[in-house]
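You will see chain A twice below: alongside chain B first, and alongside chain C after that.
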Partner chain A sequence: MTSLPTSTDRKLGLVIDLDTCVGCHACVISCKGWNTENYGAPLSDQNAYGADNSGTFLNRVHSYEVQPEEGAAQLIHFPKSCLHCEDAPCVTVCPTGASYKRVEDGIVLVNESDCIGCGLCAWACPYGARELDQAEGVMKKCTLCVDRIYNENLPEEDRQPACVRTCPSNARHFGDLSDPDSDVSKLVAARGGMDLMPEQGTRPVNKYLPPRPKDAMPEFDVLAPFLEPVAEEPKGFLGWLDKALEKI
Partner chain B sequence: MHPAPSVIFFTTFSGLGFGLLVWLGLGYPAVTGWTAFVFFAIAYAMAVGGLLASTFHLGRPERAIKAFTQWRSSWLSREAWCAVGALVIMGLYAAGLVFAGTRIAPLGILGAILSLATVFTTSMIYTQLKTIPRWNMSITPVKFLVLSLAGGALLSGQVQAALLLLVIAGVVQGLTWIMGDKALEASGTSLKTATGLGGAGSVRSFEPPHTGTNYLLREFVHDIGRKHSQKLRLISLVLMAGVPILLLILPFNHFFALLAVVSHVAGVLIARWLFFAEAEHVVGLYYGKR
Partner chain C sequence: MNQPVIDLSPKVSDEVRKTTCYMCACRCGINVHLKDGKVAYIEGNKDHPVNQGVLCAKGSAGIMQVNAPSRLRKPLKRVGERGSGEFEEIEWDEALKIATDWLEPVRRKDPSKLAFFTGRDQSQSFTSFWAQNFGTPNYAAHGGFCSVNMAAAGIYTMGGAFWEFGQPDWDHTKLFMLFGVAEDHDSNPIKMGIGKIKKRGARVIGVNPIRTGYNAVADDWVGITPGTDGLFILAMVHCLMKAGKIDLNYLAQYTNAPVLVNEDEKSPEYGLLMRDENGKELVIDRVTGKLTPFDQPGVRPDLSATHREAGVTHRPVFHKMADMYLSDDYAPENVADRCGIPAKRIRAIAAELARVAFEESFELDHSWTDFRGEKHDKMIGRPVSFHAMRGISAHANGFQTCRALHTLQIILGTVEVPGGFRFKPPYPKPATAHPKPHVGMTPGGPLNGPHLGFTHGPEDLALLEDGTPARIDKAFTWENPMSSHGLMHMVISNAWAGDPYKIDVLFMYMANMSWNSSMNTRGVIDMLTDKDESGEYIIPKIIYSDAYSSEMVAYSDLILPDTTYLERHDCISLLDRPICEADAAADAIRWPVIEPDRDVRGFQSMLCDLGARLKLPGFTNEDGSQKYADYGDYIVNHERRPGIGPLAGFRGANGDKSGRGEVNPHQLEQYIENGGFFVEHIPEGSNYYKPWNTAYQDWAVEMGLYDKPMPYLFSLYVEPMRKFQLAAEGHGDRQPPDHLRQRIIDTMSPLPVWYSCEEENRASEFPVTALTQRPMAMYHSWGSQNAWLRQLHGHNPLYLPTKLMRENDLSDGDWATVTSPHGEITVPVLEMAALNENTVWTWNAIGKRKGAWALEENAPEATRGFLLNHLIHELLPPKGDGLRWANSDPVTGQAAWFDLKVRITKAATADEAQPEFAPIRSPVGTGPKNLTWKVGK
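== the complex of A and B ==
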């Protein structure tokens, strides 16, 4: 059914720390590695070794430059995957019922055997979380590694999404965001976790932790003012050269 | 948005076809026998041809039948129901006119309503998308309905109605462009809200996630041709409404009527190309594009 559940028992999701992400793309690779050989159709690549290569990915890392009013610009690495929205617009537009949101944990999934590849769910998603696989003709998206998190054949420490498990800088956290006492909920509360595009009304489950403000280095060297350059304008030979070159 | 030819042809011709079916269903012109057959053949060729074209952009067209299941929530599913309903009802109605020479009025009126509903559901597929502010306006369905009725009136030879509807269609189309140009800004979605980084300063896309292209960029980011959009808008408006209005005012002549139809269709095709090519999907913001 492509109607959304009125509520879900749990809200499993990710918390992504923009302060600690180093932009290594390990989560992108581990995501592709796990998901290309597990749940559903493989994540195909087209012309992978040619000039115009492209492929299906469920997780991608953008990089943004933030220039504050004062001080140095900051580079923010920005991993982006499905946010498993509570009011997921991708689910309700689906004509076949292939897209659905699970009542038990809130994960948004695609039943690939029902997907006709019309692409409307990708049109409805503001985050670019869904990609139509060009080889299979069906819609692919983050499953929150539904085949890992409940998988009792895996050691317990591996029962979390591949991206979270692999992140070397602990920038990705997985848990139940409906439980205020869960680690992820505490993290969101402590760090001011935010929604992406809140004005779109999608109510994402995944939260992003904003980068912490950079420290400012105070001027502590008493001699520094005496080391200011004395001559601002060049004089002598350099002054003549400067003027001569200006005239040319 | 990527202006896919299949979708441009689908929306243009199914709009025209169902528009013609509306007029035929209401009994304008009151035709029977072979004349009725020709009118219905034209309407069905456009409506069915458009629907077939729309299946070309499916990744898995062999499963298209499943699109009938989610009419409770999905406009695309509702469109499928309305289209099939309209074609079946109008088929029975046409059979009465062509083979028995009798007009079963209730069937025609029901078919006309379903035909109009098909155009409305098509327009709602686009209108419902908050991700594309230029489409997410209440004037979008008005534009689709008026254009369909105007095209239908033109095809069915309803000169007076066509004149009035073409003027309205031209005005509505113009308003859509004026309102659409402000829609993205008015939606409040920007790179700042997309990344949540707006509080810290100005945000700029520094590096995309991939060196090549991907499905998202191919499907949602299209900035080629936008530089000529003002000229194309004018050309489209002249062909869609201006030329047909002039030709209809002149003394009636079958060649002029044909010319008016051809000009109108060309104008609508250009407008529909712009409808997609100019539409900015908010996901483009993540790539520093629109």
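== the complex of A and C ==
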């Protein structure tokens, strides 16, 4: 079994805005592209052009319909990847020490050379955020693009996870959630950012910003003054028009 | 604890090459990272005006597209029957000789026997130039079945529409209302904009029968009954006018609302605008009370005054609007049931529009001078903006619905003002500044002008002397007088029927007509393979160019394989469908960032060669030699007018001129150095009120967008429509056939109207509307060949609202038979609650024919995937009059595929979606089983 660090210097993670995620999958494919070419084994695809096709993804978008008690049903797009938990059960369950949480930034990684592909970590993760690569037989998971965020070969502005850089609706934010003054911490405070399944006791670093209330436009009674008729009859309208034109 | 040491700064790539994406029509800038000369990673270009660094799923999956196993490899000549998929590979010389041998006699004898239609072409200014040089009148791209209603309604009304024509003022808008937009057009900019305004707390209202994508994040969702958007919009116009919540100053100064209209029912000019001897619209000046051209210095056009001259009363357009829209026909209570929106909600939304437009009005501290010479110290903001696309336009009432939406924007005074909707150069550009359609043929010579354009009355119709259509698609005829983009969806049907005439060669590019790009897919396949008594194909010769093994390949006789988008030159030109921003003119290139590993040629480069072989004047030097070596050569050296070429940037001998300038032989290198694009910003103070702002007008002339300033009035009243009505009422020499008179009178109202399309689609028997939407992660048929994207959308259930699931005793995963007046399909269903209760829908173009796209025959796209196209006919159900009535908008000819009406019945569980089609033989085999992609070490 593998131990977690007692604390980490920083808590790097993602803040995902469910109010603006349109479910476009840009993050999913950008992640697939970067991580196929970079950290560890490529993310493979099976039956790539046939039936029962499947592949390794470190980030997926799920869509859920929500039926409120009153009003129209809603659709929530829910991107999900490793949440880099403070009490990561996937690490403690690892028999070889391949899964570990980095002391300096809290990123949970798999050292592929030590991974035996036993799958215990995937069972232990309550979020289903790990995927065993079928070609390589090693466990793959979100690295928070550890090979981008410190990468001196990239321009400073690009040192962020691929999913964050590519997100068209700016629904993904990256930063240090241990620093209350960081942009991401402020965003979490302002928007009531939430843990995913806090009852699991994993203390996830990633946070989700809930959707704002929907279909909450004021009733017409409130807005009615804005549509007060200038006249009931068309003739009256032209009378109003003449007066109104005088004022221009 | 010992943490492993990992390389935090691995080398990202050997080289980054910046070009333009083509995974859809959005045309974002991309950084292509190369390792060992191979594509390793694609990301958005942060400097690019369109996407500013972001990139969608399609764009990021480009690596799987340029390496797709479906790529065609070599020219193909059909050796079996059409549809068999039996081909033999041939050399390019032979392929081009065959094409030349087929086309040369056509051009010499009767150029109209060539129908040249390009599909999702991004080089229309080039392909139309080629067709014009060939001399056939039969050219168009795919706008007729895409969104011509949106484009044409916008241009006729206000000199531009949405997407490529303009965008919301994302920096200032506070209320954004989105109508009928599936999840693309304009792909990344809309997502960026929604993210930006939601961050500011602006409200987004989505009007769409389906609550996915943008509508899922909208603050308010209006699940409207499909096809009734125009009625809903005009009800809001009614409310706003009745409450006087309209911008009278804006209407008086910048629109034709004050222009006087002839009101004498007996006059041949009844309903036409009063004009002076120079053709300028006349108004009454409130200052002098006198009749005057609208554009004179100091004139304050009167919205109310009438004028009597020579016994004829003339009233301003605005009076006619009041007559029409103050009528109780448009009262919310009288449209609510039809639209499926409670009257109170219609009023609430109208009131919110009024509140934000007028109560949250603001000022920008920019002075500007209007075309009357009046100086304004400030710019008044009305922070309400709109966007719409095919959802409202792909109906037979779509043109008028799009017009209604523009009317709503205009009465709120929110077009081209801060916070509202803003044009992107080269727009604004009124319909009168565009060409008219040309069909003047000379055997062996070029056409007498551009094919497509804008008609302004019966005299502009594309009719032969005997009154029959000049074009194979019957564009610009009485059936659809304002069909500015042609009718690609009617070409095969008309050519097969010989109505209006037969053709010899059908030449198409990137148009999957035997599958998802046609209505009535089965019927089109039959037409493509049908033979006459002598055993010859009725459409004798078919040439097709595509980069991939699409369903259309099997139905063609000669295949000219195109390259992928990373292996070619292209220009995203201001002469074409540009990528400008509201604050800047911009254009871009593609260039071969990798070399093809197959024997393929870029379609446009191939046309340079074929054009020279055919001795087309624009493609041949005086000595008879080939004028442009390839498309790159054309892009640099072609001039449309002196100093104006396909690219506006880096012109002049030193590359230091923008817009106008002589040819720069190093232009492409300079684009590449600049990241593949060019941007020229509009100076502050010129960037709003563009149609009337003298500073903008002067800038546009300097840039070569116009040759002289051309301020104009927005056409709330579209006079050309009235001219077609007048003809239908019996005035003038050019008369419509009798069977079309009443329809022209009913549908060509110069003020927007709404009419139902239900009866023609037999809605009483088929009460459910069936729609398609394009997923954000797929583009037409292309996504399925992409190993990554097809994992996102590998098949497409039919989504049914809860009510229809219950009524039909259906559960998720059951199968249902969907029947329309035209056909029947049997498909798997899934429940969706966030859906209009009388609407079903599915994802567009996921269903594939077995054998196409290098997929295995048991791929879910080919077994459970399906097309709604089988249910939609290109013609309306027969009316018993023996005539072929197109299933199109009677104004523009836009394919009305969102008018589809169906009924649903439960079916037995099936193995495969029905109808099932026999596999076609793949010219490229199938893809590899598994992928472990990594180009670096």
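Simple rule for what comes next: the second predicted complex is superposed on the first by the 214 of 248 C-alpha atoms of A that agree within 3 Å, B and C clash if a C-alpha of one lies under 4 Å from a C-alpha of the other, contacts with A are read in each partner's own complex, and residues count from 1 in each chain.
Everything below uses one rule, namely that contacts are C-beta pairs under 8 Å (C-beta built on N, C-alpha and C of every residue); 3 or more make two chains touch, one makes a residue touch a chain.
Note that this is a predicted model, so its numbers are computed, not measured.
The partner of chain A that touches more of its residues, comparing chain B with chain C, is C. In the superposed model, A:162 makes contact with chain C only, not with chain B.
Using the contact criterion defined above for the overlaid structures, shared-chain residue A:55 touches chain B and also reaches chain C.
Judged by the touch definition given at the top, the superposed model places A:136 against both chain B and chain C. Of the two partner chains, both chain B and chain C are touched by A:75. Judged by the touch definition given at the top, the superposed model places A:26 against chain C, while chain B stays out of reach. Shared contact residues of chain A with chain B and chain C: 3, 25, 28, 53-55, 57, 65, 67, 73-76, 114, 136, 211. In the complex of the two chains, the chain B residues touching chain A come out as 1, 57-61, 63-64, 66-70, 72-77, 80, 125, 128-132, 187-189, 191, 193-197, 199-210, 212-216, 218-220, 281-283, 286-287. Of all the residues in chain A, the ones that touch chain C in their complex are 3, 5, 19-26, 28-30, 32-34, 36-39, 41-42, 44-51, 53-55, 57, 65, 67, 72-77, 100, 102-103, 109, 111, 113-114, 135-136, 146-147, 150-154, 157-158, 162, 165-171, 211-212, 214-220, 223-224, 226-231, 234, 237-238, 240-242, 244-245, 248.
The touching residues of chain C, counted against chain A in their complex, run 1, 3-4, 6-12, 35, 40-44, 46, 51, 53-61, 63, 69, 183, 187-188, 191-192, 194-196, 198-199, 203, 205, 211-214, 216-221, 223, 239-245, 248-249, 252, 286, 300, 302-304, 318-319, 322-323, 326, 344-345, 347-352, 354-355, 359, 776-777, 785, 787-792, 794, 832-835, 854-856, 858-860, 863, 926-936. Within the complex, the chain A residues that touch chain B are 1-3, 18, 25, 28, 52-57, 60-69, 73-76, 78, 80, 89, 92-98, 114-120, 122-128, 131-134, 136-139, 194-201, 208, 210-211, 213.
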